[in-house]
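Got some structures for you, see below.
The two complexes that follow have chain A in common; it is paired with chain B in the first and with chain C in the second.
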Partner chain A sequence: MSGRMGPHSLPLARIKKIMKKSGDDVKMISGEAPIVFSKACELFIQELTKRSWMVTMQGKRRTLHKEDVASAVIATDIFDFLVNLVSDESSNDNLAETPSEEMETFRS
Partner chain B sequence: MEPMDIVGKSKEDASLPKATMTKIIKEMLPPDVRVARDAQDLLIECCVEFINLVSSESNEVCSKEDKRTIAPEHVLKALEVLGFGEYIEEVYAAYEQHKIETMDSLKGGKWSNGAEMTEEEAAAEQQRMFAEARARMNGGATAPPKQPDLNPSLES
Partner chain C sequence: MERADGFSQFPNKLARTSSALNIHPRDDSTAPAVTPTSATTNITTSDNNIINMNDINNQSEQQKAPQPPSCFLREQDQYLPIANVIRIMRRGLPPHAKISDDAKGTVQECVSEFISFITGEANDRCHHELRKTITAEDIIWAMGKLGFDNYLEPLTLFLSRYREGENQRNSTRREPNMGHRAVDYRQVGVPGPHESVYNLGPHQGFYDPSTGLYLQGWIWFKFWWWI
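Right, the complex of A and B next:
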(Lines of atoms letter the chains of each structure in order from A and count residues from 1; the text may use other names and numbers.)
(Lines give C-alpha, C1' and ligand atoms only; values in the text may rest on other atoms or scores of the structure.)
Protein backbone atom coordinates (compact mmCIF):
# COMPACT_ATOMS: atom_id res chain seq x y z
CA MET A 1 0.00 0.00 0.00
CA SER A 2 1.42 3.40 -0.90
CA GLY A 3 2.22 5.45 2.18
CA ARG A 4 0.70 8.59 0.76
CA MET A 5 -0.80 10.61 3.58
CA GLY A 6 -1.60 13.86 1.90
CA PRO A 7 -4.64 16.11 2.32
CA HIS A 8 -7.89 14.22 2.46
CA SER A 9 -8.41 12.96 -1.04
CA LEU A 10 -12.16 12.60 -1.11
CA PRO A 11 -14.21 15.79 -0.94
CA LEU A 12 -15.73 16.12 2.51
CA ALA A 13 -18.84 17.96 1.32
CA ARG A 14 -19.65 15.18 -1.11
CA ILE A 15 -19.19 12.55 1.57
CA LYS A 16 -21.46 14.47 3.91
CA LYS A 17 -24.09 14.63 1.18
CA ILE A 18 -24.02 10.88 0.71
CA MET A 19 -24.19 10.37 4.46
CA LYS A 20 -27.29 12.53 4.70
CA LYS A 21 -28.99 10.52 1.98
CA SER A 22 -28.12 7.20 3.51
CA GLY A 23 -31.26 7.01 5.61
CA ASP A 24 -34.57 8.64 6.41
CA ASP A 25 -33.71 10.01 9.82
CA VAL A 26 -29.99 10.64 9.79
CA LYS A 27 -28.82 12.67 12.73
CA MET A 28 -26.68 15.75 12.50
CA ILE A 29 -23.18 15.03 11.34
CA SER A 30 -20.19 16.52 13.12
CA GLY A 31 -17.68 18.35 10.96
CA GLU A 32 -15.10 15.73 11.76
CA ALA A 33 -17.09 12.65 10.78
CA PRO A 34 -16.52 13.06 7.02
CA ILE A 35 -12.79 13.18 7.68
CA VAL A 36 -12.96 9.76 9.25
CA PHE A 37 -15.07 8.56 6.34
CA SER A 38 -12.62 9.90 3.81
CA LYS A 39 -9.85 7.68 5.15
CA ALA A 40 -12.14 4.70 5.63
CA CYS A 41 -13.30 4.94 2.02
CA GLU A 42 -9.74 5.10 0.83
CA LEU A 43 -8.91 1.93 2.73
CA PHE A 44 -12.06 0.26 1.49
CA ILE A 45 -11.35 1.03 -2.15
CA GLN A 46 -7.76 -0.08 -1.73
CA GLU A 47 -8.86 -3.40 -0.31
CA LEU A 48 -11.52 -4.00 -2.91
CA THR A 49 -9.12 -3.06 -5.70
CA LYS A 50 -6.44 -5.35 -4.35
CA ARG A 51 -8.80 -8.28 -4.06
CA SER A 52 -10.23 -7.66 -7.51
CA TRP A 53 -6.75 -7.52 -8.91
CA MET A 54 -5.97 -10.90 -7.39
CA VAL A 55 -8.85 -12.35 -9.38
CA THR A 56 -7.54 -10.68 -12.52
CA MET A 57 -4.13 -12.22 -11.95
CA GLN A 58 -5.65 -15.64 -11.47
CA GLY A 59 -7.11 -15.27 -14.91
CA LYS A 60 -3.66 -14.24 -16.19
CA ARG A 61 -5.00 -10.96 -17.48
CA ARG A 62 -3.69 -7.41 -17.25
CA THR A 63 -6.99 -5.60 -17.40
CA LEU A 64 -9.21 -5.46 -14.35
CA HIS A 65 -12.80 -6.10 -15.33
CA LYS A 66 -16.14 -5.61 -13.65
CA GLU A 67 -16.46 -9.37 -13.17
CA ASP A 68 -13.25 -9.40 -11.15
CA VAL A 69 -14.75 -6.86 -8.78
CA ALA A 70 -17.89 -8.98 -8.52
CA SER A 71 -15.84 -12.09 -7.75
CA ALA A 72 -13.88 -10.28 -5.07
CA VAL A 73 -17.08 -9.07 -3.44
CA ILE A 74 -18.62 -12.52 -3.43
CA ALA A 75 -15.50 -14.11 -1.98
CA THR A 76 -15.25 -11.67 0.94
CA ASP A 77 -17.60 -11.89 3.91
CA ILE A 78 -17.46 -8.26 4.93
CA PHE A 79 -18.38 -7.23 1.39
CA ASP A 80 -21.68 -9.09 1.63
CA PHE A 81 -23.56 -5.80 1.56
CA LEU A 82 -22.35 -5.32 -2.02
CA VAL A 83 -23.59 -8.62 -3.39
CA ASN A 84 -26.80 -7.19 -4.78
CA LEU A 85 -24.96 -4.25 -6.25
CA VAL A 86 -22.52 -6.39 -8.21
CA SER A 87 -25.10 -8.96 -9.20
CA ASP A 88 -27.38 -6.24 -10.57
CA GLU A 89 -24.44 -5.04 -12.63
CA SER A 90 -23.70 -8.41 -14.17
CA SER A 91 -27.43 -9.15 -14.38
CA ASN A 92 -26.93 -12.64 -13.08
CA ASP A 93 -30.23 -14.02 -11.84
CA ASN A 94 -28.59 -17.05 -10.32
CA LEU A 95 -27.15 -15.07 -7.44
CA ALA A 96 -29.24 -15.09 -4.28
CA GLU A 97 -31.04 -11.91 -3.32
CA THR A 98 -30.52 -12.44 0.39
CA PRO A 99 -26.96 -12.21 1.68
CA SER A 100 -25.55 -15.44 3.02
CA GLU A 101 -22.37 -16.24 4.86
CA GLU A 102 -21.02 -18.92 2.58
CA MET A 103 -20.85 -18.17 -1.11
CA GLU A 104 -18.41 -20.84 -2.15
CA THR A 105 -20.74 -22.19 -4.80
CA PHE A 106 -20.37 -18.97 -6.76
CA ARG A 107 -16.63 -19.05 -7.19
CA SER A 108 -15.95 -18.41 -10.86
CA MET B 1 -12.21 13.44 -16.98
CA GLU B 2 -15.67 13.82 -15.55
CA PRO B 3 -15.29 15.20 -12.08
CA MET B 4 -19.05 15.58 -11.74
CA ASP B 5 -19.86 12.08 -12.86
CA ILE B 6 -23.13 11.14 -11.23
CA VAL B 7 -24.24 7.55 -10.84
CA GLY B 8 -27.96 7.73 -11.43
CA LYS B 9 -29.40 5.21 -9.01
CA SER B 10 -32.60 5.77 -7.07
CA LYS B 11 -31.30 7.11 -3.76
CA GLU B 12 -27.96 8.38 -4.90
CA ASP B 13 -27.82 11.90 -6.19
CA ALA B 14 -24.26 12.36 -5.05
CA SER B 15 -21.34 10.26 -6.13
CA LEU B 16 -17.59 10.51 -5.65
CA PRO B 17 -15.25 12.29 -8.05
CA LYS B 18 -14.03 9.87 -10.65
CA ALA B 19 -10.57 11.43 -10.99
CA THR B 20 -9.78 11.06 -7.30
CA MET B 21 -11.16 7.54 -7.17
CA THR B 22 -9.20 6.49 -10.24
CA LYS B 23 -6.04 7.79 -8.63
CA ILE B 24 -6.59 5.73 -5.50
CA ILE B 25 -7.39 2.65 -7.57
CA LYS B 26 -4.38 3.00 -9.85
CA GLU B 27 -2.02 3.46 -6.92
CA MET B 28 -2.91 -0.02 -5.74
CA LEU B 29 -1.99 -1.64 -9.01
CA PRO B 30 1.20 -2.18 -11.03
CA PRO B 31 1.71 0.61 -13.57
CA ASP B 32 0.99 -1.49 -16.64
CA VAL B 33 -2.37 -2.77 -15.40
CA ARG B 34 -5.46 -1.29 -16.95
CA VAL B 35 -8.83 -0.88 -15.33
CA ALA B 36 -11.87 -1.31 -17.52
CA ARG B 37 -14.26 1.61 -17.40
CA ASP B 38 -17.14 -0.49 -16.10
CA ALA B 39 -14.89 -1.80 -13.32
CA GLN B 40 -14.01 1.78 -12.32
CA ASP B 41 -17.66 2.73 -12.22
CA LEU B 42 -18.52 -0.31 -10.17
CA LEU B 43 -15.77 0.40 -7.66
CA ILE B 44 -17.11 3.92 -7.20
CA GLU B 45 -20.63 2.61 -6.69
CA CYS B 46 -19.31 0.15 -4.13
CA CYS B 47 -17.65 2.99 -2.26
CA VAL B 48 -20.85 4.99 -2.16
CA GLU B 49 -22.64 1.92 -0.87
CA PHE B 50 -19.94 1.54 1.76
CA ILE B 51 -20.61 5.09 2.94
CA ASN B 52 -24.33 4.31 3.08
CA LEU B 53 -23.72 1.20 5.12
CA VAL B 54 -21.34 2.77 7.60
CA SER B 55 -23.51 5.89 7.86
CA SER B 56 -26.55 3.85 8.79
CA GLU B 57 -24.61 1.96 11.39
CA SER B 58 -23.01 5.15 12.74
CA ASN B 59 -26.47 6.65 13.01
CA GLU B 60 -27.57 3.68 15.07
CA VAL B 61 -24.51 3.74 17.30
CA CYS B 62 -25.15 7.44 17.85
CA SER B 63 -28.80 6.79 18.78
CA LYS B 64 -27.89 4.05 21.22
CA GLU B 65 -25.59 6.45 23.00
CA ASP B 66 -28.39 9.00 23.13
CA LYS B 67 -26.39 11.59 21.24
CA ARG B 68 -27.71 13.94 18.61
CA THR B 69 -24.67 14.34 16.42
CA ILE B 70 -22.75 11.63 14.64
CA ALA B 71 -19.20 11.95 15.89
CA PRO B 72 -15.99 10.24 14.75
CA GLU B 73 -16.21 7.79 17.66
CA HIS B 74 -19.55 6.55 16.37
CA VAL B 75 -18.09 5.98 12.95
CA LEU B 76 -15.17 4.05 14.39
CA LYS B 77 -17.52 1.88 16.39
CA ALA B 78 -19.64 1.29 13.31
CA LEU B 79 -16.57 0.15 11.37
CA GLU B 80 -15.82 -2.36 14.07
CA VAL B 81 -19.37 -3.67 14.21
CA LEU B 82 -19.48 -4.13 10.45
CA GLY B 83 -16.26 -6.11 10.33
CA PHE B 84 -13.94 -3.32 9.20
CA GLY B 85 -12.06 -3.25 12.48
CA GLU B 86 -8.79 -3.48 10.59
CA TYR B 87 -9.31 0.02 9.30
CA ILE B 88 -9.77 1.62 12.71
CA GLU B 89 -6.13 2.15 13.53
CA GLU B 90 -5.29 3.92 10.29
CA VAL B 91 -8.52 5.87 10.24
CA TYR B 92 -7.93 7.09 13.78
CA ALA B 93 -4.34 8.06 12.90
CA ALA B 94 -5.58 10.10 9.94
CA TYR B 95 -8.11 11.80 12.19
CA GLU B 96 -5.48 12.69 14.78
CA GLN B 97 -3.18 13.93 12.05
CA HIS B 98 -5.93 16.19 10.78
CA LYS B 99 -6.46 17.65 14.25
CA ILE B 100 -2.77 18.44 14.51
CA GLU B 101 -2.72 19.96 11.05
CA THR B 102 -5.68 22.15 11.92
CA MET B 103 -3.84 23.47 14.99
CA ASP B 104 -0.77 23.95 12.88
CA SER B 105 -2.48 26.54 10.70
CA LEU B 106 -2.95 28.75 13.76
CA LYS B 107 0.77 28.90 14.29
CA GLY B 108 1.49 29.28 10.60
CA GLY B 109 4.27 26.76 10.45
CA LYS B 110 5.38 23.29 11.33
CA TRP B 111 5.72 22.05 14.86
CA SER B 112 9.36 21.84 15.81
CA ASN B 113 8.44 18.81 17.82
CA GLY B 114 7.21 16.68 15.00
CA ALA B 115 3.94 14.86 15.40
CA GLU B 116 4.46 13.82 18.99
CA MET B 117 2.75 16.76 20.62
CA THR B 118 -0.23 15.78 22.70
CA GLU B 119 -3.55 17.53 22.60
CA GLU B 120 -2.82 19.22 25.95
CA GLU B 121 0.45 20.60 24.69
CA ALA B 122 -1.22 21.81 21.52
CA ALA B 123 -3.95 23.50 23.58
CA ALA B 124 -1.32 25.10 25.78
CA GLU B 125 0.42 26.42 22.68
CA GLN B 126 -2.87 27.85 21.54
CA GLN B 127 -3.34 29.62 24.87
CA ARG B 128 0.14 31.04 24.66
CA MET B 129 -0.53 32.40 21.18
CA PHE B 130 -3.77 34.02 22.35
CA ALA B 131 -1.92 35.58 25.25
CA GLU B 132 0.69 36.97 22.89
CA ALA B 133 -2.01 38.41 20.66
CA ARG B 134 -3.71 39.98 23.66
CA ALA B 135 -0.45 41.53 24.73
CA ARG B 136 0.07 43.02 21.31
CA MET B 137 -3.42 44.51 21.40
CA ASN B 138 -2.93 45.93 24.89
CA GLY B 139 0.40 47.45 23.88
CA GLY B 140 -1.36 49.46 21.16
CA ALA B 141 -4.35 50.64 23.24
CA THR B 142 -4.18 53.76 25.44
CA ALA B 143 -6.30 52.37 28.26
CA PRO B 144 -4.82 49.75 30.58
CA PRO B 145 -6.40 46.28 30.46
CA LYS B 146 -9.50 46.14 32.66
CA GLN B 147 -10.02 42.39 32.87
CA PRO B 148 -8.94 41.28 36.32
CA ASP B 149 -8.53 37.63 35.41
CA LEU B 150 -5.93 38.27 32.73
CA ASN B 151 -2.57 36.73 33.33
CA PRO B 152 -0.54 39.50 34.92
CA SER B 153 2.73 38.17 33.56
CA LEU B 154 2.02 39.12 29.94
CA GLU B 155 4.99 40.03 27.85
CA SER B 156 4.68 42.96 25.48
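Right, the complex of A and C next:
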Protein backbone atom coordinates (compact mmCIF):
# COMPACT_ATOMS: atom_id res chain seq x y z
CA MET A 1 0.00 0.00 0.00
CA SER A 2 2.71 2.46 0.86
CA GLY A 3 4.32 2.29 -2.56
CA ARG A 4 1.21 2.95 -4.60
CA MET A 5 1.60 6.64 -5.11
CA GLY A 6 5.34 6.89 -4.84
CA PRO A 7 7.19 7.77 -1.67
CA HIS A 8 5.37 9.70 1.01
CA SER A 9 7.15 11.82 3.54
CA LEU A 10 5.68 9.84 6.39
CA PRO A 11 5.24 6.08 6.74
CA LEU A 12 1.63 5.14 6.12
CA ALA A 13 1.72 2.00 8.24
CA ARG A 14 2.88 3.97 11.25
CA ILE A 15 0.16 6.58 10.73
CA LYS A 16 -2.38 3.80 10.60
CA LYS A 17 -1.05 2.34 13.86
CA ILE A 18 -1.37 5.68 15.59
CA MET A 19 -4.90 6.07 14.26
CA LYS A 20 -5.83 2.68 15.65
CA LYS A 21 -4.41 3.56 19.04
CA SER A 22 -6.59 6.65 19.25
CA GLY A 23 -9.54 4.54 20.35
CA ASP A 24 -10.50 0.95 21.01
CA ASP A 25 -13.43 1.27 18.65
CA VAL A 26 -11.34 2.34 15.67
CA LYS A 27 -11.68 -0.70 13.51
CA MET A 28 -11.53 -0.14 9.80
CA ILE A 29 -9.60 2.56 8.08
CA SER A 30 -9.80 3.18 4.38
CA GLY A 31 -6.61 3.06 2.36
CA GLU A 32 -6.76 6.74 1.61
CA ALA A 33 -7.09 7.97 5.18
CA PRO A 34 -3.41 7.52 6.11
CA ILE A 35 -2.46 9.11 2.81
CA VAL A 36 -4.49 12.21 3.61
CA PHE A 37 -2.97 12.21 7.07
CA SER A 38 0.56 12.09 5.67
CA LYS A 39 -0.14 15.40 3.95
CA ALA A 40 -2.05 16.80 6.93
CA CYS A 41 0.80 15.96 9.29
CA GLU A 42 3.22 17.77 7.00
CA LEU A 43 1.02 20.84 7.15
CA PHE A 44 0.69 20.51 10.90
CA ILE A 45 4.42 20.10 11.52
CA GLN A 46 5.19 23.08 9.30
CA GLU A 47 2.63 25.29 11.01
CA LEU A 48 3.72 24.31 14.50
CA THR A 49 7.38 24.76 13.61
CA LYS A 50 6.86 28.16 12.03
CA ARG A 51 4.84 29.43 14.95
CA SER A 52 7.48 28.12 17.33
CA TRP A 53 10.23 29.75 15.32
CA MET A 54 8.45 33.09 15.59
CA VAL A 55 8.72 32.78 19.35
CA THR A 56 12.41 31.88 19.00
CA MET A 57 13.02 34.97 16.90
CA GLN A 58 11.18 37.16 19.37
CA GLY A 59 13.69 35.97 21.93
CA LYS A 60 16.50 36.82 19.45
CA ARG A 61 17.70 33.24 19.47
CA ARG A 62 18.64 30.84 16.73
CA THR A 63 17.86 27.58 18.42
CA LEU A 64 14.27 26.44 18.59
CA HIS A 65 13.60 25.04 22.03
CA LYS A 66 10.76 23.04 23.49
CA GLU A 67 9.62 26.11 25.39
CA ASP A 68 9.12 27.90 22.09
CA VAL A 69 6.88 25.07 20.95
CA ALA A 70 4.94 25.32 24.21
CA SER A 71 4.51 29.06 23.76
CA ALA A 72 3.27 28.58 20.20
CA VAL A 73 0.79 25.96 21.36
CA ILE A 74 -0.58 28.18 24.10
CA ALA A 75 -0.89 31.14 21.75
CA THR A 76 -2.82 29.21 19.07
CA ASP A 77 -6.45 28.30 19.62
CA ILE A 78 -6.53 25.29 17.34
CA PHE A 79 -3.58 23.83 19.25
CA ASP A 80 -5.54 23.76 22.51
CA PHE A 81 -5.59 19.97 22.41
CA LEU A 82 -1.80 20.07 22.88
CA VAL A 83 -1.76 22.30 25.94
CA ASN A 84 -1.64 19.45 28.42
CA LEU A 85 1.04 17.68 26.43
CA VAL A 86 3.45 20.64 26.35
CA SER A 87 2.74 21.78 29.88
CA ASP A 88 3.38 18.30 31.27
CA GLU A 89 6.70 18.22 29.50
CA SER A 90 7.79 21.66 30.57
CA SER A 91 6.90 21.01 34.19
CA ASN A 92 8.93 17.80 34.14
CA ASP A 93 11.86 19.51 32.56
CA ASN A 94 12.01 22.37 35.02
CA LEU A 95 13.50 19.91 37.44
CA ALA A 96 16.43 19.05 35.19
CA GLU A 97 17.69 21.89 33.06
CA THR A 98 20.88 21.09 31.25
CA PRO A 99 23.76 23.51 31.37
CA SER A 100 23.95 23.61 27.59
CA GLU A 101 20.51 25.14 27.31
CA GLU A 102 21.39 27.84 29.75
CA MET A 103 24.57 28.57 27.87
CA GLU A 104 22.69 28.77 24.62
CA THR A 105 20.27 31.29 26.07
CA PHE A 106 23.11 33.26 27.57
CA ARG A 107 25.02 33.34 24.30
CA SER A 108 22.12 34.73 22.34
CA MET B 1 23.18 10.51 20.70
CA GLU B 2 22.98 7.36 22.76
CA ARG B 3 20.99 4.39 21.69
CA ALA B 4 20.14 1.19 23.52
CA ASP B 5 22.54 -1.07 21.67
CA GLY B 6 21.51 -4.02 23.80
CA PHE B 7 18.63 -4.34 21.40
CA SER B 8 20.81 -5.26 18.49
CA GLN B 9 20.93 -8.92 19.41
CA PHE B 10 17.14 -9.36 19.45
CA PRO B 11 15.88 -7.56 16.37
CA ASN B 12 13.83 -10.27 14.71
CA LYS B 13 12.60 -12.12 17.76
CA LEU B 14 11.18 -9.04 19.36
CA ALA B 15 9.52 -7.94 16.15
CA ARG B 16 7.62 -11.23 15.81
CA THR B 17 6.32 -11.47 19.34
CA SER B 18 3.28 -9.29 19.45
CA SER B 19 3.08 -8.79 23.16
CA ALA B 20 6.76 -8.94 24.05
CA LEU B 21 8.08 -5.96 25.88
CA ASN B 22 9.73 -4.08 23.12
CA ILE B 23 10.72 -0.67 24.27
CA HIS B 24 12.82 1.37 21.92
CA PRO B 25 13.78 4.91 22.85
CA ARG B 26 12.84 7.74 20.59
CA ASP B 27 15.82 9.16 18.82
CA ASP B 28 17.10 11.15 21.71
CA SER B 29 19.18 10.30 24.68
CA THR B 30 16.61 11.04 27.34
CA ALA B 31 14.10 8.26 26.87
CA PRO B 32 14.35 5.22 29.13
CA ALA B 33 15.50 1.93 27.66
CA VAL B 34 14.62 -1.57 28.77
CA THR B 35 16.49 -4.59 27.52
CA PRO B 36 14.66 -7.88 27.86
CA THR B 37 16.53 -11.16 27.87
CA SER B 38 16.14 -13.77 25.21
CA ALA B 39 13.87 -15.67 27.59
CA THR B 40 11.22 -13.01 27.36
CA THR B 41 10.97 -13.17 23.61
CA ASN B 42 8.95 -16.35 23.71
CA ILE B 43 6.37 -15.07 26.12
CA THR B 44 3.13 -14.23 24.41
CA THR B 45 0.83 -13.85 27.38
CA SER B 46 -0.50 -10.79 29.13
CA ASP B 47 1.38 -7.71 30.12
CA ASN B 48 1.48 -8.89 33.72
CA ASN B 49 3.70 -11.79 32.80
CA ILE B 50 6.02 -9.60 30.86
CA ILE B 51 6.31 -7.20 33.76
CA ASN B 52 7.06 -10.07 36.09
CA MET B 53 9.78 -11.42 33.84
CA ASN B 54 11.34 -8.00 33.68
CA ASP B 55 11.42 -7.80 37.43
CA ILE B 56 13.31 -11.07 37.48
CA ASN B 57 15.65 -9.85 34.82
CA ASN B 58 16.36 -6.61 36.59
CA GLN B 59 19.22 -8.14 38.51
CA SER B 60 21.13 -9.49 35.57
CA GLU B 61 20.30 -7.09 32.77
CA GLN B 62 21.67 -3.69 32.07
CA GLN B 63 18.36 -2.08 32.92
CA LYS B 64 18.75 1.63 32.63
CA ALA B 65 15.31 2.87 33.77
CA PRO B 66 12.39 1.92 35.99
CA GLN B 67 9.73 -0.36 34.54
CA PRO B 68 7.57 1.68 32.17
CA PRO B 69 3.80 1.18 32.27
CA SER B 70 2.28 -1.14 29.74
CA CYS B 71 0.84 1.74 27.73
CA PHE B 72 4.41 2.49 26.58
CA LEU B 73 4.84 -0.93 25.04
CA ARG B 74 6.21 -0.64 21.54
CA GLU B 75 6.89 3.03 22.01
CA GLN B 76 8.28 3.33 18.51
CA ASP B 77 4.78 2.66 17.21
CA GLN B 78 3.33 5.62 19.07
CA TYR B 79 5.25 8.20 17.11
CA LEU B 80 6.25 8.97 13.59
CA PRO B 81 9.96 8.50 12.88
CA ILE B 82 11.84 11.47 14.22
CA ALA B 83 14.04 11.77 11.13
CA ASN B 84 10.95 12.37 9.01
CA VAL B 85 9.59 14.89 11.49
CA ILE B 86 12.89 16.77 11.58
CA ARG B 87 13.09 16.88 7.81
CA ILE B 88 9.65 18.47 7.57
CA MET B 89 10.46 20.90 10.38
CA ARG B 90 13.58 22.10 8.59
CA ARG B 91 11.66 22.86 5.41
CA GLY B 92 9.96 25.82 7.02
CA LEU B 93 13.01 27.21 8.79
CA PRO B 94 15.88 29.35 7.54
CA PRO B 95 19.15 27.52 6.93
CA HIS B 96 20.86 28.95 10.00
CA ALA B 97 18.10 27.79 12.34
CA LYS B 98 18.88 25.10 14.89
CA ILE B 99 16.46 22.80 16.60
CA SER B 100 17.09 21.41 20.05
CA ASP B 101 16.56 17.73 20.65
CA ASP B 102 13.79 18.35 23.12
CA ALA B 103 11.93 20.48 20.59
CA LYS B 104 12.18 17.68 18.04
CA GLY B 105 10.77 15.22 20.52
CA THR B 106 7.97 17.56 21.50
CA VAL B 107 6.89 18.10 17.91
CA GLN B 108 7.06 14.37 17.31
CA GLU B 109 4.67 13.81 20.21
CA CYS B 110 2.42 16.62 19.07
CA VAL B 111 2.00 15.01 15.66
CA SER B 112 0.83 11.77 17.21
CA GLU B 113 -1.57 13.70 19.39
CA PHE B 114 -2.83 15.49 16.29
CA ILE B 115 -3.49 12.20 14.51
CA SER B 116 -5.33 10.82 17.53
CA PHE B 117 -7.35 13.99 17.95
CA ILE B 118 -8.53 14.10 14.35
CA THR B 119 -9.11 10.35 14.17
CA GLY B 120 -11.25 10.46 17.28
CA GLU B 121 -13.52 13.09 15.78
CA ALA B 122 -13.68 11.27 12.45
CA ASN B 123 -14.47 8.03 14.23
CA ASP B 124 -17.30 9.68 16.16
CA ARG B 125 -18.76 10.82 12.89
CA CYS B 126 -18.60 7.31 11.50
CA HIS B 127 -20.36 5.94 14.54
CA HIS B 128 -23.01 8.61 14.29
CA GLU B 129 -23.63 7.72 10.66
CA LEU B 130 -23.49 3.99 11.38
CA ARG B 131 -20.44 3.41 9.25
CA LYS B 132 -17.56 1.16 10.11
CA THR B 133 -14.74 2.59 8.07
CA ILE B 134 -13.00 5.89 8.56
CA THR B 135 -12.56 7.44 5.15
CA ALA B 136 -10.43 10.23 3.79
CA GLU B 137 -13.47 12.50 3.69
CA ASP B 138 -14.08 11.83 7.36
CA ILE B 139 -10.55 12.96 8.11
CA ILE B 140 -10.93 16.12 6.07
CA TRP B 141 -14.31 16.85 7.64
CA ALA B 142 -12.88 16.38 11.13
CA MET B 143 -10.09 18.83 10.37
CA GLY B 144 -12.65 21.43 9.38
CA LYS B 145 -14.74 20.79 12.46
CA LEU B 146 -11.76 21.09 14.78
CA GLY B 147 -10.60 24.39 13.39
CA PHE B 148 -8.00 23.40 10.82
CA ASP B 149 -9.83 25.26 8.07
CA ASN B 150 -6.70 26.28 6.24
CA TYR B 151 -5.85 22.63 5.70
CA LEU B 152 -9.07 21.82 3.87
CA GLU B 153 -8.17 23.18 0.48
CA PRO B 154 -4.69 21.70 0.18
CA LEU B 155 -5.89 18.36 1.48
CA THR B 156 -8.85 18.23 -0.87
CA LEU B 157 -6.60 19.10 -3.77
CA PHE B 158 -4.04 16.53 -2.66
CA LEU B 159 -6.71 13.86 -2.41
CA SER B 160 -8.24 14.60 -5.78
CA ARG B 161 -4.82 14.45 -7.42
CA TYR B 162 -4.11 11.18 -5.69
CA ARG B 163 -7.39 9.74 -6.95
CA GLU B 164 -6.66 11.04 -10.40
CA GLY B 165 -3.40 9.19 -10.39
CA GLU B 166 -5.06 6.03 -9.15
CA ASN B 167 -7.75 6.29 -11.78
CA GLN B 168 -5.21 6.74 -14.53
CA ARG B 169 -3.31 3.76 -13.25
CA ASN B 170 -6.45 1.65 -13.16
CA SER B 171 -7.78 2.72 -16.53
CA THR B 172 -4.43 1.92 -18.07
CA ARG B 173 -4.68 -1.56 -16.65
CA ARG B 174 -8.30 -1.83 -17.87
CA GLU B 175 -9.40 -3.63 -14.74
CA PRO B 176 -12.96 -4.96 -14.50
CA ASN B 177 -15.15 -3.54 -11.73
CA MET B 178 -14.26 -5.20 -8.48
CA GLY B 179 -16.83 -5.95 -5.86
CA HIS B 180 -15.22 -3.89 -3.19
CA ARG B 181 -14.77 -0.74 -5.22
CA ALA B 182 -17.72 1.58 -4.84
CA VAL B 183 -18.42 4.92 -6.46
CA ASP B 184 -20.02 6.99 -3.82
CA TYR B 185 -21.75 10.17 -4.80
CA ARG B 186 -22.22 12.29 -1.78
CA GLN B 187 -21.29 15.61 -0.38
CA VAL B 188 -19.21 15.92 2.70
CA GLY B 189 -21.46 16.02 5.69
CA VAL B 190 -24.36 14.20 4.12
CA PRO B 191 -24.78 10.48 4.67
CA GLY B 192 -24.51 8.60 1.41
CA PRO B 193 -25.20 5.18 0.06
CA HIS B 194 -21.95 3.67 1.14
CA GLU B 195 -23.00 0.11 0.79
CA SER B 196 -24.47 0.44 -2.66
CA VAL B 197 -22.23 -0.18 -5.59
CA TYR B 198 -22.47 1.81 -8.76
CA ASN B 199 -20.81 -0.33 -11.34
CA LEU B 200 -19.64 2.46 -13.54
CA GLY B 201 -16.59 1.97 -15.64
CA PRO B 202 -13.74 4.41 -15.51
CA HIS B 203 -15.02 6.45 -18.47
CA GLN B 204 -18.58 6.84 -17.36
CA GLY B 205 -20.23 8.81 -14.62
CA PHE B 206 -18.97 12.25 -13.74
CA TYR B 207 -15.39 11.97 -14.87
CA ASP B 208 -14.47 15.07 -16.81
CA PRO B 209 -11.71 14.27 -19.30
CA SER B 210 -11.11 17.91 -20.13
CA THR B 211 -9.97 18.69 -16.65
CA GLY B 212 -9.01 15.23 -15.58
CA LEU B 213 -10.95 15.82 -12.39
CA TYR B 214 -14.07 14.50 -10.92
CA LEU B 215 -16.93 16.92 -10.38
CA GLN B 216 -15.69 19.50 -7.90
CA GLY B 217 -14.21 16.75 -5.80
CA TRP B 218 -17.63 15.53 -4.73
CA ILE B 219 -17.18 12.17 -6.37
CA TRP B 220 -15.10 9.68 -4.48
CA PHE B 221 -13.74 6.30 -5.28
CA LYS B 222 -13.57 4.27 -2.17
CA PHE B 223 -11.17 1.44 -1.76
CA TRP B 224 -11.91 -0.78 1.17
CA TRP B 225 -9.57 -3.45 2.26
CA TRP B 226 -8.02 -4.80 5.39
CA ILE B 227 -4.59 -3.43 5.66
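Quick note on the criterion: the second predicted complex is superposed on the first by the 84 of 108 C-alpha atoms of A that agree within 3 Å, B and C clash if a C-alpha of one lies under 4 Å from a C-alpha of the other, contacts with A are read in each partner's own complex, and residues count from 1 in each chain.
Here, contacts are C-beta pairs under 8 Å (C-beta built on N, C-alpha and C of every residue); 3 or more make two chains touch, one makes a residue touch a chain.
Just so it is clear, the structure is predicted and the values come from calculations on it, not from any experiment.
For the composite obtained by overlaying on chain A, chain B and chain C cannot both be accommodated without a clash. By the touch criterion defined above, A:K60 lies against neither chain B nor chain C after alignment on the C-alpha atoms of chain A.
Judged by the touch definition given at the top, the superposed model places A:T49 against both chain B and chain C. When the two complexes are overlaid on their common chain A, residue A:E32 makes contact with chain B and with chain C alike.
When both complexes are aligned on chain A by C-alpha atoms, chain A residues 1, 4-5, 9-11, 14-15, 17-19, 21-23, 25-30, 32-33, 35-37, 39-46, 48-50, 52-53, 56, 62-66, 68-70, 73, 77-78, 81-82, 85-86, 89 touch chain B in the first and chain C in the second.
Those residues of chain B lying in contact with chain A across their complex are 11-17, 20-21, 23-25, 27-29, 32-36, 38-39, 42-43, 45-56, 58-59, 62-63, 67-72, 74-76, 79, 82-84, 87, 90-91, 94-95, 97-98.
Taken together, the chain A residues at the contact with chain B in this complex read 1-2, 4-5, 8-11, 14-15, 17-19, 21-23, 25-30, 32-33, 35-46, 48-50, 52-53, 56, 62-66, 68-70, 73, 77-79, 81-82, 85-86, 89.
By the touch criterion given at the top, residues 1, 4-5, 9-11, 13-19, 21-23, 25-33, 35-37, 39-46, 48-50, 52-53, 56, 62-66, 68-70, 73, 77-78, 81-82, 85-86, 89, 93, 101, 104 of chain A touch chain C in their complex.
Considering their complex, residues 77-81, 84-85, 87-89, 91-93, 96-100, 102-103, 105-107, 109-120, 122-123, 127, 132-136, 138-140, 143, 146-148, 151, 154-155, 158-159, 162-163, 165-166, 222-227 of chain C touch chain A.
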